[in-house]
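Just below sit the structures, each encoded as structure tokens.
Here come two complexes built around chain A, the first alongside chain B, the second alongside chain C.
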Partner chain A sequence: MTDQAMTMQAMIDEWYPVGLLSQLQPGGRKTALMGAPIEVACDAEGHARVTAADGRVLPVRARYGHVWSSLGAPQKELFPIPEADQPGRRFVDVGVVRVRCSPLRTVENFLDIAHFPFVHTDILGAEPHTEVQNYKVEIREDVDEVWATQVKFYQPQASKSASGGITTEYMYRVPAPTCSVLYKTCPPRPDEWDVITLFVQPLSEDLCDVWPWMALFDDETSMTDLIHFQQTIFLQDRSILENQIPRRLPLDPGMEIPTRADLTSIAYRRWLKRHDYTYGAQLVAQ
Partner chain B sequence: MLSDTTGSWTPVALSQDLPAGTVIPAYIVSGSIALWRSDSGRIAASADRCPHRGMRLSHGFVRGEAISCIYHGWSYAQSGHCLRIPAHPGLKPPETIRVATYVVEEADGVIWVAAGAPGSMPPGLDGFVPFRSLTVHAARAAIEDAAGATAGPEGLVDITSGAGNIRLLLSAQDGDRTLVHVLLVGEADAATRISASRTVESLRRTAEDRQEKAAAQ
Partner chain C sequence: MKLYDYILSPSCYKVRLMASLTGVTLDLRPVDFHPGAEHRSAAMLALNPAGCIPILEDGDLLLTESAAMLAYLAAKAAPAWLAGEKPEEAARVQQWLAFSSRLTASLGGARLHEMLLRPGDIAVLQRQGIAALRELEAGLVEQGVRGMRFLASERPTIADIACFPYVALAPDGGVALDPYPAIRLWSRALRSLDGFIEMPGIHRLHELKPEPPIPTVEV
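Let's turn to the complex of A and B:
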């Protein structure tokens, strides 16, 4: 087995986003998954169809606004997001942002709140409100997911529906190696959570397409403004992600220095390592 | 440039291109560095990588006498020691958190960085004054070829043109790129500067053309 095949082994049977359901076309769209060229199209009935370069038909799911596929044979069903079926929510296809970095680095950045005041200045954070309070992190064995709860942060403009600064509460979930689901204080509905997801398509080990998707309670803001808000945030993140060294995520200790604020990232890296989810990881310090 | 040995000086930038309170990326033999000048005017050079999450420090910001990483705001002193971790304002960062630093000298309008412990001071400029810098997508040999002259051991190339004597100070970058500092004699007037600029732009095009042809062979 080649090194490349070894690296892919554990992650090859996972589901990955490969395009928007709303933009399926009979003519198909060429893209890639873990280094392999694939084509995403719709058949005569309008169903998504994903094929490999050799004509092999790949497994498909149509969920959460996106087409999902896999180069392998998924052993597990695509992870659930119960809020996707909840009445009253608006579902937002944010589109795609291509980032020249490891898909794992993209997820890790999504799990991080300490960068808000410096990268998303005056939107998701602002000095001097930089302190990260203690929060809880666990790997939930029953569902095999990483969870961070009781995450709180002061935000000047937490979302389009927020007026002025509020302390926002967050919960993070990592249900798949390149996907994360964020539950966030919903300003108009204090008893509910807004859902913001990060679905990452690994094009290669150091190149990815990021497909954010949202399920919100917000009847006021226009779709354009919701999309622009999220795109602004992800473009700010991209300026970081494309300038981290190394481009792949170091899983061995010693290469980077975590602190207490990085507990989610520590758990994510540990979970990746435990499952040999190393496509996009750097295992030996260089 | 000086020979690529530990302790040699690299002319990384012109003084005029690094105002107080700013940071820029620069390149020496050991790799890319963050070159910054504090609010009070002191220059420092460090590895271009924050040890927390690997972000390039040259994308950071300078406040007072410290450089901060743009990702999480970790700040570092000129000595390289971490001064502050904003996520934990009450924490005094342990001594072990630091970035590698390099020796810097500023003389006659040029900023020099040493990869190791230099045994001497950077070379003098013999009355030449820095005018501007430009990056050429060509290696030293192609530039020498285009200039019709050979660089001395310190990376100095003298050319003559309608603008009078021009001295080039070459500094190798990553890939086949070269940073070229253009030096003129004394305080040149506007016409001389424009003429020198055109001469060097023309030299750049010739060198890049030769580099491309060499690469195609």
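Let's turn to the complex of A and C:
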């Protein structure tokens, strides 16, 4: 078995986003999944159809605004997001952004709050409010997901619907190796959470297409403003992600020194290692 | 003054930046460029048959070229940003305004390809972008020899604002800025101007750390 095949093994049966449902074309769109060229199209009935280069028809799910597929044979159904069926929410297709970095690095950055005041200055954070308060992190064995809860952070403009600075509460969830779901204080509906996701399509070990998607309670803001708010945030991250070294995410200690604020990242890396989810990762043993 | 705007567009940012530097308030009308391709909708094509943004409306004036928008904002609110009386200065402003379209085509094309998956020959776009950057670097070095920090003058003009965004965002298209010290100094000078604003990928200038105290050495 080649090194490439080894690192793909455990992740090959996972679901990955490969396109927007709203932009399916009969003529198809050529893209790639873990180094393999694939084509995403819609059939005569308008259903998504994903094919490999050898003509093999790949498994498909149409969910959360996106087409999902897999090069292997998924053992598990695509992870649930119950809020996606909740009435009154607005669903936002933010659109694809390509990033020259490991798909795992993209998820890891999404899980980090300590960078908010420095990268998303005056939006998701601001100096001198740089302290990350203590929060809880666990790997939930029953659902096999990484969860971080009770994450609190002062934010000058937490969302498009926020007016003025608020202390925002976050919950992070990693239900699949290249996907994360963020639950965040919803300014217009204090009893509900806004849902902001990061769905990452691994093109190769150091190149990915990122498909952010949101399910929000916000009847005021225009769809374009919601898209642009999220694109602003993500594009502030992009240049940082493209400059991270080493390019692949190190799973073994030694390469990087974590701090207390990095608890979620440590749990994510531990969970990836436990499952041999190493496509886009760097192991000391290599 | 109404600007049809996209937060990630360097050409739209030129106009937002110029407005901020000259104290003009814009009425921003966001356009769903990506993923919605609203700039190619019938309503937008009626405004600009070229199918691109920014578009600036003020009364019965409708502008679709960002260089014209910069000239208009400066003429209206801050004429010091236009060329002065010297013929060489006027010529250099025009030279770099026209040159800026090469930056849009090359570095801008590379950025759209690498970031938003737009079609294009990435190797050619990057090569053309590097050629343009080398020309800009040489131009800035020559200005430095003349004792001037900016492209056309000792003070910033609309030519600097026309060239700055696509240059600063070159790394988004996979073109590094490390080999161009004059461009980096020029970028720093522009980012330190009063009224400078950011866009995603172009960061504000972080304050310089205070100098470390140098202990006096007893001999």
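Throughout what follows, the second predicted complex is superposed on the first by the 284 of 286 C-alpha atoms of A that agree within 3 Å, B and C clash if a C-alpha of one lies under 4 Å from a C-alpha of the other, contacts with A are read in each partner's own complex, and residues count from 1 in each chain.
We take it that contacts are C-beta pairs under 8 Å (C-beta built on N, C-alpha and C of every residue); 3 or more make two chains touch, one makes a residue touch a chain.
All of these numbers come straight from a predicted model, not from anything done at the bench.
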Would you sort A:Asp252 into first (chain B), second (chain C), both or neither based on which partner it touches?
neither
Which of the two partners, first being chain B and second being chain C, lies in contact with A:Ala261: first, second, both, or neither?
first
Report for A:Arg98: first if it touches chain B alone, second if chain C alone, otherwise both or neither.
second
With both complexes superposed on chain A, which partner does A:Glu131 reach: first (chain B), second (chain C), both or neither?
first
So, A:Gln23: does it touch chain B (first), chain C (second), both, or neither?
second
Thinking of the overlay built on chain A, is A:Met223 touched by chain B (first), by chain C (second), by both, or by neither?
second
Where does A:Gln231 make contact in the superposed view: on chain B (first), on chain C (second), on both, or on neither?
second
Between chain B and chain C, which residues of chain A are contacted by each of them?
239
The residues of chain A that touch chain B in their complex are 114-115, 117-119, 127, 130-132, 239-240, 243-246, 250, 255-261
Chain C residues within the chain A interface of the complex:
6-8, 30-32, 34-36, 38, 114-117, 171-172, 174, 200-201, 204
Within the complex, chain C is touched by chain A residues 20, 22-23, 93-98, 100, 121, 209, 222-225, 227-228, 231-236, 238-239, 242
For a test of understanding, state which residues of chain B touch chain A in their complex under the given definition.
48-49, 51-56, 59, 68-73, 85-89, 91, 97
